[in-house]
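There are two complexes below, and they share chain A, which is joined by chain B in the first and by chain C in the second.
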Partner chain A sequence: MTRTASRRTVLAAALTAALSISLTTPALAKETVKLGFIGPLTGGVSNMGLGGRNSAELAVDLRNKDENAKYAYELVPLDDECKPNVGVQVATKLATNRDVAGAVTHYCSAVAMGTVDIYHKFNLPIIVWGAVLPDITYGNEYAEVHRVNGTMINQNEVAADFMVAQGYKSWAIIHDTTDYGKGHNTYFTKFLTEKGGKILGTFGVTSDQQDFTAELTKIKELNPDVVYFAGLTPLAVRIRQQMDKLGIEAEFQGVSGMKSDAYFAGLSGDLAEGTVTFLEGAPAAKLPGGAYFMSEYDKAGFGENYEAYGPFAFAAMNLLIDAVEKVGPDRKAVTKYLADVKDHESITGPISFDDHGQNTVALITKYVAQDGKWVVWEDSEYASGKRQLKHK
Partner chain B sequence: MDIGLLGQYLANGVMLGTMYALVAVGFTLFFGVLDVIKFSHGDVLMIGAFTGFTTYLGIVAIGIENPWVALVAVLVVSIATTAALGALIARYLVLPLKSAPPLNILLITLMLGTALREGVRLFYPDGSNPKAFPALLPTASLELGSFSLRADSVILVSAGIAVIIGLNLLINRTRLGLAIRAVAQDEETAKIMGINYTMIVLVTFAIGSGAAAFAGIMNGLYYNEVNFGMGLLLGLIGFSAAIIGGLGNIYGAILGGFLFAGLQTVGAVALPFASAYKDVFAFGVVIALMAWKPTGLIAERSSDRV
Partner chain C sequence: MKDDVMKTPIPVSLPPLATGLIAVAACAIFGWLFLLAESEVAVLGLVLLAVLAGWGAQKTGLSATLGTAMHQHSGAMNGAIVASLLAVIALLGTEHFPLLMLSTMLLYLVAALGLNVQFGLTGMVNFAGAAFFGIGAYTSAVLTTHTAVPPLLILLAGGLIAALIGALLIVPVVRTAGHYSAVVTIAFGVLFKTFLEVNEVLGGPQGLMVGSMNVFGWDFNNGPVLMGHEMSFYVNYALLSSGLAILAFALTRRLERSWLGLALDSVRLDETASACFGINVVRAKVLAFTYGNILAGIAGALYGMMISFIAPNSFTFSDSLLMVSIVLLGGLGSLWGSALAAVIVVLVPEKLQILQEYRFLLFSVLVIAMLLFRPQGLLPRGVRSYFPGGRAQR
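This part shows the complex of A and B:
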C-alpha cells in the first residue's frame, strides 16, 4: 500500500518535472481547485444566469492567468432553472463533491431559500450573487451563507421614497406567490404605508400564470396611480402587455427581478417606455471597478450580456478565490475566512459582511425605461423634465 | 361595479372560454371516436404555436411585410403541420395500442407530451425562453367608459367561435361527420357499412390537432408570447372542460370551456380571498360538479351502450 503510494508520488513528481521542463509552464504544477457556480442557465430568466456565469468564469480565467496565484481554478457551473426542486438537486450535487471548495450561488430567492440548508449540512461556503430575499442571510444562523448584493429591504425603502416624491398617491400591487414576490410585497407595503402611500388592492399570482385580465380588470376598477409588480421579467412582460390591452393608464413600477434587457425583447412597440424599477448596487459603469470589469468582459468575448448582477457574481467569485488563496481549498477554513471579511476590495466597492454574512452595502440605483434601454434615473430625460412619467 | 367593467370581465371570460373550448373539442373528438384520452393534446397545441412562430420568422426573412399574408401563412402551415402530427400520433402510437388496456394509451400520450415539451425546450433555438409572438392583427380599440374593446380580441373571438361552429357543422352535417359519428357509435357496424375505419380515425385526430394548433396561434396572438410550457395548463384545463361538459359530446366541450373560464374569472374577482387561489377555486368546483354529475353536464348520447 505505502509502496504503491510512494511509487505513485515518485512517478507523479517525475512526470511533473518532465512536463515543466518540456513546457516551462508553471501553471501545470499548480493544484487545481474547483469552485461552483449555480444560477438559472435555462428558463425565463436565463439571461441573468448566463450573465452571472460568464462573469464568474471571467473572475476564474483572470486569476488563472495570474502567475502569482497559488492554485489553478476550475469553474463548475450548474443550472438551477430558477426552480427550487432543481436547485436542491444541483446544490446537493455540488455540496457532496468533495473537490469543490466553495461556490457562488443563486439568482432566484425561492431557490436560495431551499438550498441554504444543504450548504450548511455539507459545510460548503457559498456567496449569493443575485438573490435579494432578506431571509436567505437573516433567516438562519448558518456560517456558510454570505451575500455580496443588497437585499429587498433597502430596495423597497428607496422605491417607496422615490415614488411618493414623484407625487403618486395610490397603488395596486401584483406579486408572484414565491418567497421573492411575497417578500417584496411585505417590505414595499410596509415602507409605502409609513410614507403615506395608499394601497388599493393586492393580488397574488402564480409564477407561471399566463392570463392576468381578471386581476387587471379589477385593478382598472380600483383605478390606482401606479401598478407595482413584484416578480420576474416574463410575468412583467405579460402584465404590461395585458395592461395595455385593457387600456390601463397607470404608471408601471417593478422590482430588481425585471431589470433585464429581456423586458424590452418581450414587449412589442413602446409599451416598456417609462417603466421604473430599482436595483441594488450601481450600473457597471458607475462602480469603482466597473471600467476594468467591462473591458475584461468585452475582451473575453462572451455571447451574452453580463446583465444586472454580473458584476456581483464577478465580485463574489473573486472574494471566494481570495479566500482560497489565503487559507487553502478547505471548506471550514474558507468559511472562517469569510466570517471576518471587512472592507475587502472589489469591483462593486468594499465588501464587509455582518454577523449574518450579509454585505452591508445599501447602494440602490433607480432606473427608468427610455428608448428600449434601462437608463439610470438621474441620467434620464425623465429626471431632466424632458419626458414625463405617466400621471393620470 | 359599473356596467362597463362587467362587460370587460365578460369579454375576458369569453376570450378565455373560446380558447378552452377549442382545446376541449379535441379531447372530446378523440374520446368519442376511439374512447381514448390523449394527454399530449396540450403539447401538440404548443407545437402548433411554435410552428406558427417559426413560419412567421421565415416569412419575415424572405421579406414579406404584409401582416395579413403573414397571418394566413402562419395559420395554414401551423394547422397543416399539427394536423399531420396528430394523424401520425394516431397511426403509430394510438391505433397499435387499441386493444391494450386504455391506461397504456393514456400513459404513452402523457410521455409523448413530455417528450414534445422537452424537445422544444432543448432543441428549438433558445427554446427555454419565452418568445415574443408578433401582433399581426389591428390593435385599434374602442373605449366605452371603462370598457375597452380591442379589434384584435374581437377578431380572435369571432374566428374561434367560427371554428367551433364549423367543427360542429362538420360533425353533424357532412358525410365525413356522419362517418365519424358512425365509428364513434359502433366500430364493427361502421366497418361493415363500408367505412374506412383507419382513415376516419386519422382524419379525426388531424381535425382535433388542427383545432389545437388554431388555439395555439390564437393564444400567441392574444398574449403576444409563446413558451414551451404553455400547453401544460391549457391541456389540463381543456381536459377538465371536456370532462365537466361530458366527454364525447361536442356541445359539452364548448359548455365546459366557457364554464371553466367563468369560474376562473369569478375566482379572481368576486371571491374575498386572494386571486392566487383562482385555479384552486375553479378546479375545486370542477371536482364538485363531477361528484354531482359523474358523466358530465351533457352526457354522451350513447353512453348507455354495453
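This part shows the complex of A and C:
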C-alpha cells in the first residue's frame, strides 16, 4: 500500500466512525442527568475502585437502555487515588459542577472522612459504596451523606446475636490497639451486653505483638466460653496457636479483618477448624440479586472483576437513579428522598436508611472455618449439625 | 507555555519590554482558559497550543527577547506577572475548583522552591519533600484543634517544626555525600509515614481534621462578599498562597544572587575545591537544607488548612518524587522553571481525569518525552549574572 492510499483508508475509517456515532444517538433526546462516581482508579487498591466503577457504570448503562426511564444518565467517574488530598480535590470538582445531581463515592475511609464536609457545604447528596468507618455517617449530622454497605457496628450486632443464639454465655476479648481493633471491641461489647452475654476480661495488644502468654494465661484462669479477637490475620494466627499451647479449650471468634486465606496458611493441623468470623457484604452469588448482577456484568464484558464491593456500588447507583427518576435531578429533592428510604429493593437486599443515612439492614455474612476454607455458615456442616462448634 | 500570539518572526520594532508584557498577558489568559477547560477537546487543544507556542517561541527567538525583557526590566516584568496572577484569581472569582487547583499549584511551588535551593543550588537531593510538607500540615492540624495560636503564626510554626525535625537529619545528611544522603532522606520519608500510621495521637491511618485559616477574625472558609457577589472561599486561600509564593520566590531569588548563593553553587560544583577556598561546606549544606524544609513546612501548613483533612496517605514517597520531579522538569536551579513545572505537575494529571485509570500512564509518557527532548529542563537556569539588571555597563 502506498502512503497516500493508507492515509485515505485512515480517513475513511475515521469518517465511518464519526458517522456511526452520530447515527446511534437516540432520535428522541431525553434530558441528560450527570451522576458522579469517586473511587481509587489508580494506586494500590485500584482493583476495588475499578470494580466499583464498572458496577456503577453497569447500573447507568442498564437504566439508559430502559425505555421507561425519564432521563438519560451520564456517569462522571473520578479518581481519588485513596488519598484524602486528591479526594478533596475531586469531591470539590464534582460538588461544584451544577450539572451533577448526586454521586456514589469512596472506598477508602480516610478519604470519605475528608470529603463529607464538602458534600455538605455544596449540598451534594452522596451514597458511600465501600468505606466502612462508622464515623463517616455517625460522626456528623449531614443529611447529604448515606451509605449502603455495612460498618463494624452492623457486623458486631450480627456477631453478638449469632453467638448468643449458639448458646455461649461468657467471653474474653483480645483486641489490637488500632482504630480498627478498638472500634470492634467497643461495638461488640455494647451489643453483647445488650443481649445478655458476659464479658470476663478485655485485653488490648499492640498490632505487632509476638507473644501473648501473659494475656492468655489470665484468660485460661477466667475460663470463658469464647475468645473474641478483634484484629488482623497475622495476630489471629499467633493467638490461635498460643491458645492451643496453653490448652485453652474455648471457641475462637474473629472479625472481618481475619477472613483471609492466610489464616489457614499460618496454622498447622486442624487448629483453624471451627473458627467463626463475620464479614460485611456477601459473595455476589449469595446476594438476593446476585445471579442477575453477575450475568449482566459478564455480558457487559468489563476487563476487571467487580470485587467485593462492586455489588454495593451497583446498588448505590441504582438507588440514586431511582431517586432522580422519582423527584427529578434536583440536589435538595434527592437528599430529601434519600432521607426516607425504607425497604428499597436492591440486589444486596432491602435498603433502609436510619437518621444518619446508614443502611440499617446492611448485609453481614457469617463464615466458619471448615477443612481449611472459609465456608458461609448456612452452607457449612456445622449448620447442618454434622459438626459441632467447641462447647466446653 | 510562552506565548500564543506570535507564530511569525517578531516585528523588530517592538521593544523587549512590550513583547514581555504581551507575553505575560497571553500566559495569564492561557492559564485562565486552561484552569476552566473541562472537555477533552479543550484540554488537549490547549496543551497542544502550549507546546506549539513554546516551540515557536524557541524558533523565532522570542524566548531570547523575553529573557532580555526579564533581565533589563525585572521590576516591570515581575509587577506584571503578579498583577496577572491577581487578575486570574479575580476572574475565577466564584469557581471553587479551579481556584483550589491554583492554590495547590502555588503551594507546591513554594515547596519546590525550597527543594530547588537544596537540590538545584547545593546539589543535595531531598526525597522527603512530602514528609516536610506533611510535618507542616500536621503541625497546623494539631495547633488549630488544640490551641488558640493565631493561624498566621501557625504557618511559621509549621516551617519551624519542619526545620527542627529536619535538624535531626542534618548529621546523617551532611556527613554522607551524593547518593548516600539521598538514601537518608528516602528512609526518613518512609519512616515519617509509618510513624504517622502507628501514632494514635496524630489520628493514625485515618487522619486528622484541620481547622481553617483565620486572619484577625476573617474566617477563610467563608467566601468574601465583593460588591454583593459571594466569591468562592478558595479566593482567600488563593490570595494567601499567592502572597506566600511571591514572598518565597523573592527570598529565594535574593538568596541565589547573594554571596551565600554563590557559596551554595560552588559546593554543588566541587566540595573539595570550595573547602580549599575557605567556604564552610557544612554551613552551606545546613543552610540550604534548613531553608528548604522551612519553605516546605510553611506551604504544608497552609495546604492542610485549605484541604481541611489530612492523612498519612497524602504524604507518601511518591508525593516526594512528584516534588523532586517539579525541580527536575523545570530545570535545576531555575526558579521560573519550577513555577512552570509546578503548573504542569499539579494541573496536568488533574486535567487528565477524563482518562480515568489511564491518566498516570499518559502523564508518565509526557514526563519521559520532556526529559528526552529537553533533558536540561523546560527553562534551564541561565549562567549566573554577577551584575543583575545590566548595571555593570554604567
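The definition used in the following text is that the second predicted complex is superposed on the first by the 211 of 392 C-alpha atoms of A that agree within 3 Å, B and C clash if a C-alpha of one lies under 4 Å from a C-alpha of the other, contacts with A are read in each partner's own complex, and residues count from 1 in each chain.
As a convention for this text, a residue touches a chain if its C-beta (ideal position, glycine included) is under 8 Å from a C-beta of that chain, and two chains touch if they have at least 3 such contacts.
Model, not experiment: these values are computed from the prediction.
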item: Which superposed partner A:42 touches (first chain B, second chain C, both, neither); value: both
item: Contacts of A:357 with chain B and chain C, given as first, second, both or neither; value: neither
item: Contacts of A:266 with chain B and chain C, given as first, second, both or neither; value: first
item: First, second, both or neither for A:177, with chain B first and chain C second; value: both
item: Partner chain in contact with A:217 - chain B first, chain C second, else both or neither; value: first
item: Contacts of A:51 with chain B and chain C, given as first, second, both or neither; value: neither
item: Partner chain in contact with A:90 - chain B first, chain C second, else both or neither; value: second
item: First (chain B), second (chain C), both or neither touched by A:114; value: second
item: Common interface positions of chain A, toward chain B and toward chain C; value: 42, 46, 177
item: Touching residues (chain side chain C, partner chain A) in the complex; value: 95-97, 100-101, 104, 198, 200, 204-207, 303, 307-311, 313-314, 316, 350, 353, 356-357, 359-360
item: Chain A residues touching chain B - in the complex, by the definition given at the top; value: 42-44, 46-47, 177, 202-206, 208, 210-211, 213-215, 217-218, 220-221, 234, 237-238, 241-242, 245-247, 262, 265-268
item: In the complex, chain B residues that touch chain A; value: 1, 5, 8-9, 12, 15-16, 121, 128-130, 132, 134-135, 141, 143, 146, 148, 150, 153, 219, 223-225, 227, 229-230, 233, 264-265, 267-269, 274-276, 278-279
item: Touching residues on chain A, where the partner in the complex is chain C; value: 41-42, 46, 50, 53, 77-79, 82-86, 88-90, 92-93, 96-97, 108-111, 113-115, 117, 122, 133, 177-179, 207
